[in-house]
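Chain nomenclature is as follows: A, B, C and D, assigned in order of appearance, with residue numbering initiated at 1 for each chain independently.
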Amino acid sequence: MQFKTRLSKLVNEDVIIRNEKLSSLISAGKFSDSIFLLLSGRKPNPMESILFEKMLISVIDHGMGTTSSMTARFIASGGNSLNVGVGGGILSIGDHHGGAIEKAMLQFYGWGQLGKEKAATLIKEMIAGKKTIYGFGHKVYKDEDPRVLVLLKEMKKLNFKSKHLFLKEEVEKAFQESKGKKLPINIDGFLALLLCDFGFDPLLGKGVFIIGRTPGLVAQTFEELKYEKPVRRVEEEEIEFVKE
Amino acid sequence: MQFKTRLSKLVNEDVIIRNEKLSSLISAGKFSDSIFLLLSGRKPNPMESILFEKMLISVIDHGMGTTSSMTARFIASGGNSLNVGVGGGILSIGDHHGGAIEKAMLQFYGWGQLGKEKAATLIKEMIAGKKTIYGFGHKVYKDEDPRVLVLLKEMKKLNFKSKHLFLKEEVEKAFQESKGKKLPINIDGFLALLLCDFGFDPLLGKGVFIIGRTPGLVAQTFEELKYEKPVRRVEEEEIEFVKE
Amino acid sequence: MQFKTRLSKLVNEDVIIRNEKLSSLISAGKFSDSIFLLLSGRKPNPMESILFEKMLISVIDHGMGTTSSMTARFIASGGNSLNVGVGGGILSIGDHHGGAIEKAMLQFYGWGQLGKEKAATLIKEMIAGKKTIYGFGHKVYKDEDPRVLVLLKEMKKLNFKSKHLFLKEEVEKAFQESKGKKLPINIDGFLALLLCDFGFDPLLGKGVFIIGRTPGLVAQTFEELKYEKPVRRVEEEEIEFVKE
Amino acid sequence: MQFKTRLSKLVNEDVIIRNEKLSSLISAGKFSDSIFLLLSGRKPNPMESILFEKMLISVIDHGMGTTSSMTARFIASGGNSLNVGVGGGILSIGDHHGGAIEKAMLQFYGWGQLGKEKAATLIKEMIAGKKTIYGFGHKVYKDEDPRVLVLLKEMKKLNFKSKHLFLKEEVEKAFQESKGKKLPINIDGFLALLLCDFGFDPLLGKGVFIIGRTPGLVAQTFEELKYEKPVRRVEEEEIEFVKE
């Protein structure tokens, strides 16, 4: 078996991560900067640093009822330690739960390469043709996703020039014109858009979501272990038997 | 099935996490502070805030060869998406890999309640009686764990008064006197000591390690998916067959 | 890293499993016999062969609502493939869900070594002292666990001499005398008792349960993927927020 | 949340699985028949019953070095219980490890619907056009997969009329003619072919592999826990650092 890596290396008295000493990263002291470096291979610039940290916070937890939180709790309740609950919760973060970020990144990168005009035309055609547009719409937040609003505000405050923000506007405008109602970008879509601005690999889209959500899953699993009785299950009376 | 939580709540246009609005946490903008809040139920004070962030960085990655990195890579190589590799890697963070933090916290909390003198006596007796002491010694770092050194330096710079630091000194002193050699505290032990200073529940010890390491596991899994051929396995020639 | 095994070996044109050719096992054709061999290192005798197979069937599925079935379904619903749901479901089979078999085996082996009289005395003392007795009692089956009844019937039909069955009788008798009501052995306890008769390692107790239940988890995950909409979650209205 | 199932139901004194009483399944006593019933919704006929059981045995274990075995061992070595190792091992059974069965089933069902002549033509075109053919070829078994040979022999002995076997012959013939060498069907392909004969849903292809392999993973994890030292890892000296 071969073992090759470009990520990190144990040397005499330190760990080298992406050409930086771990001890220097600890001294420098920003967790989200170290994450950015580890994932992308370069340090963030000051604006990216501020935005990336806020992006991680924006998905830190979304209530007890989410798919990943419930998975973690079921597993913990079977009589397992914290790592098993948290690891299990992350398993559930699949194509339909956090997975839209990757698809939206591929979409934004693709549109971005077309240039403004061609992208706008394509978006209109896609909406007219009822093609899937990733990263827009939310079950609860019909008007605006509050987490997106805060991030947008910060971008303005920083005067951050996004290369992909116009795509959000084109989609929302085209949808309003075609359907007469709002289709606001959701948090998955907005994270995707900024990660494209940073030049991240689309495959890392889900990774950023996982890193941001892990603290929430630790807290959910911890609460289950500390306060709940073992063996969470659904009672037979709640289950409908379907005859075939 | 009952669903009760004290962690977070979805309200009209926001998420409330431990009595704070998620939008305010994003504006405030420190990921590690939000993690501290979510886990412990309170905001860190300024010194805790600085130290906790550095603690998370100190375990962010420890090379490709660790148990959790290799687990993540084997799983990914079987043909699975990023979340499955990362979730699987976290599964491996069990009693022998990151799990010492919880045990060391229980030990430090226990010793701490005895007061300085009684604790010192007990520690000497334990070393004489060859009882297990958690959080000390390292396979590679025989003299000092470099990650501990940086954290110690930061504590001094901040003039942080640790309630549990004397326990580290007592163990190292007693071991030196009894065995004539060094038994330095390792990173697990040092994280445990600081988490005790912060008043964290011991059950969360492994959780802090998991949160700190997840970025490393995302990077390791991503690298496997992007650069390696499928189906990592150990060749039959490398395996020794044991006759019974 | 060292790789040593006593289980199996790839040779030129076959796999050798516990000194048997895989091709011979396929020809011989009994799946449960191959499982018995792989786990214990020996082939079952004819009575063990019959009973072991029935034991596996007895835990094949226990409804949609179990902890492991629900875990598998939540994970699948997040947008994951079959293996992730099934693997995740098995994670949940912890100390409180299937885990009693191991503890009951340790208990039966321990009692068994005492001989009949001393075991009976100890059991009475344990019940009087309210000590935990593993493998007895069931939330639903207050009188008899129907799966145990069938296995018992088969044992009688076969005239199988169990070395540990008297322990079940001692516990039930002692409980009846002391408390005036029934505490019937449950399926976990009964599997443990028979696995002790077969001489299995207690660590394998949970393993037999996992092997028996995996088909159920495959069916539950398959049904979720085939018939249910993505992203199973608990609605916010069902969750009670606890103020601290 | 809605809970609907067509699989199983807890009633007063029994479990009903696919319209059969669990107690009757235990009495009938064939584990693999119960698996067939649970997965497909019907009992196997006598020939299917014999073949399906042999198919499960054929994948029971394939050495210590497989992706799933190594995953299970890494996880267990981190200090985790049996269920976590086994569950983790199953996670690794992804698109490149056991996953070919599903794809081969889709392929065989597709070809099967074309009728013999059209299928033969399509297969020839696919081989000429270097299209991916699923379920053929093996890294080690260049001539014949020994597990396939035993299954083939049993089919002949039973005089089982396979509706899809001609497709294996067409592929092997076309490949021999076009490339002048053998491309034998592998065990994944052969299981797929028989599962098509039985009318199984392709999504269950990986499920049958998982059920067959779980005993092997239990044995591998058990061996790791019982005989190996904690914290399996790859030493830094074995890892090559790639400069970018």
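Rule of thumb we're sticking to: contacts are C-beta pairs under 8 Å (C-beta built on N, C-alpha and C of every residue); 3 or more make two chains touch, one makes a residue touch a chain.
Source: prediction; values computed, not measured.
With every chain reduced to the mean of its CA atoms, the largest distance from chain D is reached by B. More contacting C-beta pairs link the chains of A-C than the other of the two pairs A-C and B-C. Here the CA centre of chain B is 34 Å from the CA centre of chain C.
Here the spacing of chain C and chain D, counted between their Cα centres, is 24 Å. Centre-to-centre, using mean CA coordinates, chain A is 39 Å away from chain C. Shared interface positions of chain A, defined as residues touching 2 or more other chains, are 3-6, 9-10, 63-65, 80-81, 83-84, 87-88, 91-95, 98-99, 232-236, 238-239.
On chain C, the positions that touch chain B within their shared complex are 2-6, 9-10, 41, 80-81, 83-84, 91, 234, 236, 238-244.
Within the complex formed with chain C, the residues of chain D that make contact are 1, 3-10, 13-15, 17, 22-23, 25-27, 29-32, 34-35, 38-39, 50, 53-54, 56-58, 60-65, 81-84, 86-95, 98-99, 140-141, 146-147, 149-151, 153-154, 201, 203-204, 206-208, 210-212, 214-216, 218-223, 225-228, 232-235, 238. Touching chain C in their complex are the following residues of chain A: 63-68, 70-71, 74-75, 77-80, 84, 87-88, 91-99, 230-236, 238-239.
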